[in-house]
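Take a look at the structures listed below.
Two complexes follow with subunit A in common, the first pairing it with subunit B and the second with subunit C.
Now for the complex of A and B:
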């Protein structure tokens, strides 16, 4: 069985509702990118929205968009990935515990703090009793969902699955990430990603959902050919790992028409990316996206949104180009991502 | 469909090894006690299934340096996974294409809640900021056992570890992995204690699964991992197979964020799928290890689902082992997988402790005394918040 991306919904720091890339803009003025808020009222009542965290709201919007585009009413599986989970409700409940010495608590934020809340709320909304999974493994949370979704189709367990990556940011978590050096220092003032010399990155948040189906359709973006995750890869064997991955799919480096990298501006953790961009793939067109989406554990889902649109439109927008190289045709696209040196992923998609 | 189980490791309130856990189960020794390690205002109002080793004890056992940033969830997970590999006789974990699938509900929350506001005042604590998420727990376990490869984590609340077993079996079946270490880990935390407290589903005494007067659950902490291996590896290495994963099912109740539906629809569907995949009939099951949390809602919903599958007169011997261990959340399905395999190996049905009064809604009486008999197939249920329902069937051959 093959796996086709037949619908995409994306809530991110970019406007993605018009033509591909038409709403893209780079914001180097902040180290935590705000999302472009969708019209929530088109999706649920303001009363319902008041009870929902950002992750749930954005997850419902993005999944609804993806299903609408693919003209899918009931998925055969709902599979989500989230690195940090529902931290808004988790923070709220934990603060209440500490601040009130474990008294006067209400269950709402606890109930909504579990990592599977988004997948559960989507299932509830659709009354979907099918397979329902949530992965929470940092930077490969989304790829785990993608692997599972593809496995569902490959093994004939389902014909159409809904998969997505969701992460939300809170002020408190951002302050902790700044303290730990994961987010660039406020004093830097300007936050470029490609030419960065400083540690830390620019964070963001978002929800990106995909409908995967075993049949091609009028809305098909691309075929998902293969995904591989590895918790650790030493930089000096990264190229070997990539060759193995490509050759397992009958491809070589020259067959790759675009390399999409998760470069996030953290000067401390660029070695792996450079192994590919400046060595074996130096003559391959290259693209990046975290200057648009910001970094978050499931930002690589935004990367797949980008790659799928490149394959569909056969256009690599200048705003995402790394080395200025282009090709007349974009048939095979390889995505590579890791976060702080662990949780590496290769995702290969092809023109359908 | 069947996938071989070749190793198991466990640490829970009733024992720090597989043997200790088994001795406690057959000896009828529960370990529900007052809480020692977490200072909480609810200390007098609750009892828990607590692993009595301190964090320092666990770190010592793992041989961790003093500047480590392992949370309690990671440490018990690492200990259980290490045991599982030893039990499976695996010395080079990367010799075959090997994966790790962990499961956790709150990850490193045990540490986060201790230091939440102190991070800004004490630089020595900053190392724990990166230890909060579920992925860090899996990475710590992978580091401990030296695994480099496929590592992921599932979090579907209290059904999590059943889903890691399921994913592991699917990946082996599909030929994606040769070996996979699957399971889950969750340490007790003030966060979950207070969460379940506000939901008013914690008992102030000892939990009494399937009893008409049940008042709720005791929380527990535990970790367990199992090694699954492909037929190829089993054959090549002439491996001893402990039991097989022969079926599984996952469904969503799609009823309520925390409560189970009246008729246990999600549980029913999960069991139905598991039977279909296993090619077994309900009459083939010799023992059901119930989810049986002893909350009014779970036991009623699960009981009804079991009746729908088996018929009220034909329900096989069943018990919940949560009266021994407490409800260990994301680890529950993993420790109960270990108990299910032990039930098959030793031909034993564990007693459902603390049962006195049958439920009024149906005629289901759990096995209250230990019972020895041949066991070929065990069905194990696990359900979680978010409507997540999972069933795994374990078989002797």
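Now for the complex of A and C:
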């Protein structure tokens, strides 16, 4: 059974509701990128929104957009990935425990602080009683959901599945990440990604959803051919792992028309990316996206949004190009991502 | 009493995260549940915690909530009569 991406919805630091890449812009003035807020009231009432954290709101908007585009009313499965879940409500609940000496704990932030809240809220809104699962596997959370979604179709468990990656950022989490050195130091002032020589990265948040179906349609973007995740890969065997992945799919390096990498500007962890971009794939067109989305555990879902749109439009916007190489046709696209040297993922998509 | 009613409205908006509602939008006699503000049972739990935390009132019988939380007027009356802080 094949897996086609037939609908996409994306809430991110970029405007993604118009033509592909028309609203893309680079903001190097901040080390935490804010999202472009959608008109939430177009998707749910203010009364309903009172118990929704950012992740839930963005997840509902992105999933609604994806289903609308695919003309899907009821998915056969809802599968999400999130690294940190609804961290905003987790913060609130933990703070209330401390501030109130473990008394006066209110239910809302507790209910909302679980990682599967987004998938659950989408299902409740749709009254969808189908398979509902959330993967919390750090930087391969989204890819885990993608694998599961593909398996649901491959095994004939469903004809259409809704999958997505969601993460939110809060002021408190950002302050902790700055202390830990995960986010570039405020004093740097300007935060380029590709030319960065400093540790840490620029963070962000977002929700990106996909409707995967076993049949092509008028809205098809691309076919999801294969996904592989590895918790650890030594840099010196990365190229071998990529060869193995491609050859398992009957492809070689020369068959890849675009390499989409999750380069995030952290100078401490660029070795793996360089193994691919500066060696075997040096003559392959390359694209990056975390200067647009920011880093977060499911930022690779934004990468898939980018790759799928490239395949559909056959356009690699200059704003995402790494090495200026081009090809007459973008048929096979390989995505590679990791975060701080672990949780490596390969995703292969092809023109449908 | 008017100051307490205003305070209750502001606290309800804050604890229930009613982003698009102002205190002036809530009339003293408006129903808080059902057709009024549209609050539900989870909100009732939030209001019980609010009474305990901010006014020192412990509701031992949840059925009492139905009468107490009818409106801002009934809440203010109950708080005035039973507050310990």
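Brief remarks on what is shown
The rule is simple: the second predicted complex is superposed on the first by the 352 of 352 C-alpha atoms of A that agree within 3 Å, B and C clash if a C-alpha of one lies under 4 Å from a C-alpha of the other, contacts with A are read in each partner's own complex, and residues count from 1 in each chain.
Methods note: a contact is a pair of C-beta atoms (placed from the backbone, for glycine too) under 8 Å apart; a residue touches a chain by one contact, two chains touch by 3 or more.
In this text the structure is predicted, and so the values were computed from the model without any measurement.
Overlaying the two complexes via subunit A leaves subunit B and subunit C side by side, clear of any clash. Shared-chain residue A:111: touches subunit B and subunit C both.
Once chain A of one complex is fitted onto chain A of the other, the partner contacts of A:247 are absent, as it touches neither subunit B nor subunit C. Between subunit B and subunit C, the partner in contact with more residues of subunit A is B. Of the two partner chains, subunit B is the only one touched by A:120; subunit C is not. After overlaying the two complexes on the shared chain, residue contacts for A:268 are found with neither subunit B nor subunit C. In the superposed model, subunit B and subunit C sit 70 degrees apart as seen from the Cα centre of subunit A, a figure rounded to the nearest 10.
After overlaying the two complexes on the shared chain, residue contacts for A:176 are found with subunit B alone; subunit C is out of touch. Minimum Cα separation between subunit B and subunit C in the superposed model: 9 Å. Residue overlap on subunit A between its contacts with subunit B in one complex and with subunit C in the other: 103, 105-107, 111. Every residue of subunit A that touches subunit C in the complex is listed here, in rising order: 46-47, 49-51, 100, 103-108, 111.
By the touch criterion stated above, subunit B contacts subunit A in their complex at residues 40-42, 100, 102, 104-105, 107, 109, 112-113, 116-117, 119-120, 126, 129-130, 132-136, 138-139, 142, 147-157, 163, 167, 170-171, 173-174, 176, 190-191, 194-195, 197-199, 250-258, 265-266, 269, 384-388.
Residue ranges on subunit A touching subunit B, taken from their complex, read 78, 83-85, 90, 93-95, 97-98, 101-103, 105-107, 110-117, 119-121, 123-124, 126-141, 144, 148, 151, 154-155, 175-177, 179-180, 182, 229-233, 297, 342-343.
The residues of subunit C lying in touch with subunit A in their complex are 15-21, 37-38, 42, 45-46, 49, 52-53.
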